[in-house]
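Note that the chains are named A, B, C and D in the order they appear, and that numbering of residues resets to 1 at the start of each chain.
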């Protein structure tokens, strides 16, 4: 039974004057921040703000790369050549490393965004392309991958540090992939329901799909979201629920990963 | 009298299928490549190609950051906040560092592009913003600055390694700034004329403005261009002319800079 | 003494999932909507929403073109060739006309955005470039121009329908241009103060600069903003204040313009 | 047996300083130009140039809309909501109409670009979304659709003017769709081979797939390309071959369409 887990959130998903999310509030709740790198969202000023703030809060930072699709917010599947994809990921990691220099910190994990995350979870070639970028730029970067997915397989194959991820506020399909946002109810909003699911996910090492199928999954890191009004409340509930159940919430850099 | 000088060119100024320049041909002529970083031009696949090729050729690499203005190719002056500018430069350096990992090389210089170069040459605050980005991300990166400009002053003030740059195929105003491309004749095309100007520039440590004014300038690095049909011929002429005059052409990393 | 005036607001300044402003609330207050056209902000789905909604509310619609600078939200001055500018404006007008077809309505005015508005207010060439685009695409489109500016001069020179604009929540310099947003206090937030200024502006046909200078200005259209929390309250206050003072608020298309 | 046909080419696929294709040369060969509208490529200055030049040459003009994917040049399939797609097409048509005002001409056809064309050829919903945009903005615009595709079905269902298109330099799959560019040999380069295929396609009303399957297809419009060095030669060959076989090449606006 797990007595520690990581809590991560996607952050910095802004662009110039366009703001999304409650990053500053979430930084008090999570232990690791996945920072958008300027493709699906994000810009250098926001990245600067977040690496500095994360340092102050003891929150570890990671790259949150996405498709070069600002209008679609990286949520549209794009049929992309895996070579181009690999280099695009390396670029985004490097860009965040450049910004991390402002806080004297390192980029210690990577988690793909949106449709890229979904595609890499299903398609080993996508998962490997992302993994090769990590391996080239900094092989100590932890690959945060949907538990049980092809991304997990890619991380293992490339012998990269791996954190298996679970999602607090998303339904799962029977195959362990996230239910598409296009399906009504795919995103959960009720803070109590979210908390209960998460505590069970961590303690029982089990995920229940939307059809009731029970999937064995060891979770190293839990993803909370911050882009909806109720999200910060739900994230706070998750953290409190975990701690009440005796689970410590720690940065990815302190997790004992296998 | 100088017996060695660097020859640099701007490179990788492509975007997806949109190609510009004769990068592969220029890599046989120059000693240092300034690589576009994805803002005024450039993309990760092109950057990957160039860092790999430059490594093979013994050409040192640098960042060539520009305004976030792909349509204007970074040639339009943009009235930008210097904080945002600084972080935008740090981002671009980091991105190229990420790609340089593919060749196992380092980013060893930085040269601003187009209108950003012009503005930083005239405005100390712009020059300092760029310099602070260099200093934060990697203080060993050589700041390539128009000889005699505010950028040079910024590099000196921040105690950064400095290479004073001269332009092979551009006219100069009396104040030592480049004549605007909007002025007819501002860009030279005649290979013989270009060669003669450059050899004199290096040997005599003197630049002659378009009005005939003589400006004392010690030049560490000469910029050649590759984006016009005649450019590669002119660049080859410059190198041959320099070597015929007994001047060695070496990477910025081997220059003795003050 | 004016007994009718137009109230306009900039709208649709969104991009994909990135939302700004309170457009639906403002549509109940204003009489004419200036809709972002996809360059500094805006996208076709948002434009579709607004042309449809404006039709329902009896609000006339206009183009709100800006620089191609999404990151800077069109608020950064860009040194742009006036030919390119002209065509860029024509493109944006056409794009909105395409969307207006969904509501069976016409684009009946144009008002430039942000830095483009500021530059055109000061520089006749910019003002004329915008005017030529209007004249070519549809010479019945009303040119909404800062009262007393070079844009006004351009509209008169090109013999275009002209609406002289005043700003409800912005300070003015002594020359009648808007005080830069970089100056503290340039944007007013107090609803009562805004209302009083506006009523005076309309009734007395006079604007008071931030230094107290009194400028004669006949105002046909007043601009309110919607992108700050207090903005809708202020806009409602302006409308109520005008109506209480016996001034009718009507669409630009119903104004008697000179 | 057909004694007349249209010849069209995609044009204006530039972006700022980034140039592609031999538009001016092709304008002497083709009878209808499909002009990029600023999403996968294209910009207002290029559009202005082309509408003006096409008018001089008696070439009819159409919109050539694509995905909002400049980096991928609209060749990457993007999983896009059909409502957003529809409005995005309407926007692009409108933008070109705005530019066409400079030549006093009308946009008389529409042909989707790249991956959007491929997806609409296979997916009726995509084909209908494009068709609804046409119908809303100007129901007289001719929908240029791959012969035998779902786009053709969409045009028929919406009762839009329809031109069935054949491709001069592309292989076909057995189902009548274009062979993917990812397949070696999918794009033909030999001018003689291209000419012979095309003449047969028009005279016999038959296309032969890459596996030798014969497909009955009545072709109203033939697409030639201009973005490769050999393309203009091939296009000239096609026109000469058709005329030698007694087939007149005419604008889409003069074709008798069913």
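Note that contacts are C-beta pairs under 8 Å (C-beta built on N, C-alpha and C of every residue); 3 or more make two chains touch, one makes a residue touch a chain.
If you're wondering where the values come from, they're calculated on a predicted model, not measured in any experiment.
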Any chain in contact with subunit B as well as subunit D: A, C
Result of counting contacting C-beta pairs for A-D and C-D, higher pair: C-D
Listed pair (A-B, B-D or A-D) duplicating the B-C contact set, over half by residue number: A-D
Distance from subunit D to subunit C - Cα centre to Cα centre, in angstrom: 39
Distance between chain centroids, defined by C-alpha means - subunit A, subunit D (Å): 42
Residues of subunit C whose C-beta touches two or more other chains: 43, 71-72
Touching residues (chain side subunit D, partner subunit B) in the complex: 15-20, 43, 70-73, 75
Subunit A contact footprint on subunit B (complex, rising order): 38, 44-45, 47-48, 83-84, 87-88, 90-99, 101-102, 136-138
Residue numbers on subunit D that touch subunit A, as the complex places them: 68-69, 71-72, 76-80, 115
